[in-house]
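Right, I'll just put the structure down here and ask away after.
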Amino acid sequence: MSVLNGAIAPDWEVDHWFNAEADFSLRKLRGKVVFLHAFQMLCPGCVTHGIPQAQRVQAAFSPEQLVVVGLHSVFEHHAVMNKDALESFIYEYKLSFAIGVDRPGQGEPIPRTMRSYAMRGTPTAILIDRQGRIRWQRFGRPDDLQLGAAIGQLIAEPAAQSEEEAAAGCTADGCAVPT
Amino acid sequence: MSVLNGAIAPDWEVDHWFNAEADFSLRKLRGKVVFLHAFQMLCPGCVTHGIPQAQRVQAAFSPEQLVVVGLHSVFEHHAVMNKDALESFIYEYKLSFAIGVDRPGQGEPIPRTMRSYAMRGTPTAILIDRQGRIRWQRFGRPDDLQLGAAIGQLIAEPAAQSEEEAAAGCTADGCAVPT
Amino acid sequence: MSVLNGAIAPDWEVDHWFNAEADFSLRKLRGKVVFLHAFQMLCPGCVTHGIPQAQRVQAAFSPEQLVVVGLHSVFEHHAVMNKDALESFIYEYKLSFAIGVDRPGQGEPIPRTMRSYAMRGTPTAILIDRQGRIRWQRFGRPDDLQLGAAIGQLIAEPAAQSEEEAAAGCTADGCAVPT
Amino acid sequence: MSVLNGAIAPDWEVDHWFNAEADFSLRKLRGKVVFLHAFQMLCPGCVTHGIPQAQRVQAAFSPEQLVVVGLHSVFEHHAVMNKDALESFIYEYKLSFAIGVDRPGQGEPIPRTMRSYAMRGTPTAILIDRQGRIRWQRFGRPDDLQLGAAIGQLIAEPAAQSEEEAAAGCTADGCAVPT
């Protein structure tokens, strides 16, 4: 098992949400396990493996337990992987989970959320626990069994926590810097 | 998530073990999560889906966390699915986990362990927790993500328990009849 | 076997070729079997099944026997499936066969070559024989064995033909209107 | 394309046929293309790839064009891969094509038909043309497209032949030693 005690997950910097309200945010998902899937619509590995896996995760768990969130983190071919193209892509692939457009970087091709999570590329799969901490992050093609085990461990953890504990960002294993 | 608080897993009634000592038993695995895979060597679903899944489980988790055990539960074609045929099968399929020959039933085709676990057929996948309780059982072709999540939940549970608790068969969720 | 004696394949109406010279045309391929694959870059069935099949066909046969040609036949989301987007798609998917941009229709969303071949949608796979006749056409997901058999039959047919026969568009089965 | 001008296919030496009359023979299939699939019921590659491919071939072509024949060519674990075990295997895997038990070798583990075709192991796929000649033979896992192409070429060849030609074992490409 590779679930780690991670840092507080950075807020997502998103210019536009599909399949969600404009004020959709990580903070609103506190109390639920979050499966974050960063992709690019023209990335073959994303289309062949990453997105089908995100759809399987969405089908396998109830939305009360786990929320699937997509992030369109474009770091190449910016002109053609724009918001309109993504809208057509989401329509054609019948994706129903929330998908955000990662905000372009300043003076660099890497968009901001991708940078703040130190992602190595696309597809990247990330698990965030009920207290908003990054607990698992994989670039490439994670195994369904290992991903499932990481999800199962996070779902099994106690959801409730005192206000103070939550504020302090502590678990039995240690404390993380508060947001 | 479908992990249930189950009954104490019955002892396996096995006439012969492959890839294990003759006194291999469930009791010896106390403290580890156990993935039990019941199959028949001439069952197409077992060969195509069940056994490859058992091999993936074996590869995905460390033996300190989870032990994979096979059970050859023959309920048809008894004459040809005998111990010698199974030995050749194990050799050809390069199976390295412990595999037991389920003891024939008395006056019925269903073997004894299969009967005591109330299995509906083969393949059947079963998860037994660190305290020796059945927590998950599926006939057919379980999804890797859901199986992984059930494993992850059991691995995340505290392994240690007081002698008395262990004897009493209690968890935070209740108490079960001791073995 | 479903190889039919077909009509002369219409010339392709293409505005731009990738991986080929600007004057690439069906006429230049006379004497070779042609596998024509019409797709849209945002069509899930094309990306998941059609394009990988075209790549397998390209790998399985020598270019002396069979030439693979792609046709980007956009009939929806025209604004985002433009030439620049297709160029990025071809680059990311590492496609090395010739791919033409089907010329937009006049007063209708269906592009011209798609219309002249009476395609029902994308993906569509078409086989054209050495004399330039359509012999096999499938919308959707054709079986590799059946596609292979249709290719094998066309490759097995005699390549050579007298000048007059070629001009007349005749085979042993009959004559077609010359191009 | 890898279709070769081959030798006359040796008669099959079979002790028992399943799904066929006792006098089933290659000679009776003259005029049809034959797909011969040699396997062992405990050979993982046969069960995972070879037999499903034989079933796909059976489904893809009409019995007037092509006949699928299985051959149980046991060269190891003879005691457990016996006729009764094979019968259960055929029943469980729902195989409906003719399957013969290859006759045991004299003083060697390799059975006779396997030896006479110089097979390298199991699975082996063989195509025999309408005149009874071996035209294609592969050990291992042949590609569906290439297998399909080889089948298509043989189906496209003229079925009829003069008595004398047939007797002489000649084609336009040469002559083979008669049986």
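Going by the order they are written in, the chains are A, B, C and D; count residues from 1 in each one.
Convention: a residue touches a chain if its C-beta (ideal position, glycine included) is under 8 Å from a C-beta of that chain, and two chains touch if they have at least 3 such contacts.
All of these numbers come straight from a predicted model, not from anything done at the bench.
Trainee: Trace the shortest chain of touching neighbours from subunit B to subunit C and give its length in steps.
Mentor: The distance in steps between these two chains is 2.
Trainee: Look at all chain centres (mean of CA atoms) and spot the one farthest from the centre of subunit A.
Mentor: The most distant chain relative to subunit A turns out to be D.
Trainee: Quick one: report the Å distance separating subunit A from subunit C, using the average Cα coordinate of each chain.
Mentor: 40
Trainee: Roughly how far is subunit A from subunit D, centre to centre by C-alpha average, rounded to an integer in Å?
Mentor: Spacing between the chain centres: roughly 53 Å.
Trainee: How many angstrom lie between the CA centroids of subunit A and subunit B, rounded to a whole number?
Mentor: Their C-alpha centroids are separated by 34 Å.
Trainee: Give me the residue numbers in subunit D that touch at least two other chains, ranges are fine.
Mentor: In subunit D, no residue touches at least two other chains, as defined above.
Trainee: Touch graph of the chains shown: is it line, ring, star, complete or other?
Mentor: If you draw each chain as a dot and join those that touch, you get a single closed ring.
Trainee: Give every residue of subunit B touching subunit D within the complex, in rising order.
Mentor: Residues in contact with subunit D: 42-44, 47-48, 77, 79-82, 84-85, 88-89, 92-93.
Trainee: Which positions of subunit C touch subunit D when the two form their complex?
Mentor: For this pair, the touching residues of subunit C are 1, 3, 56-57, 60-61, 65, 143-157.
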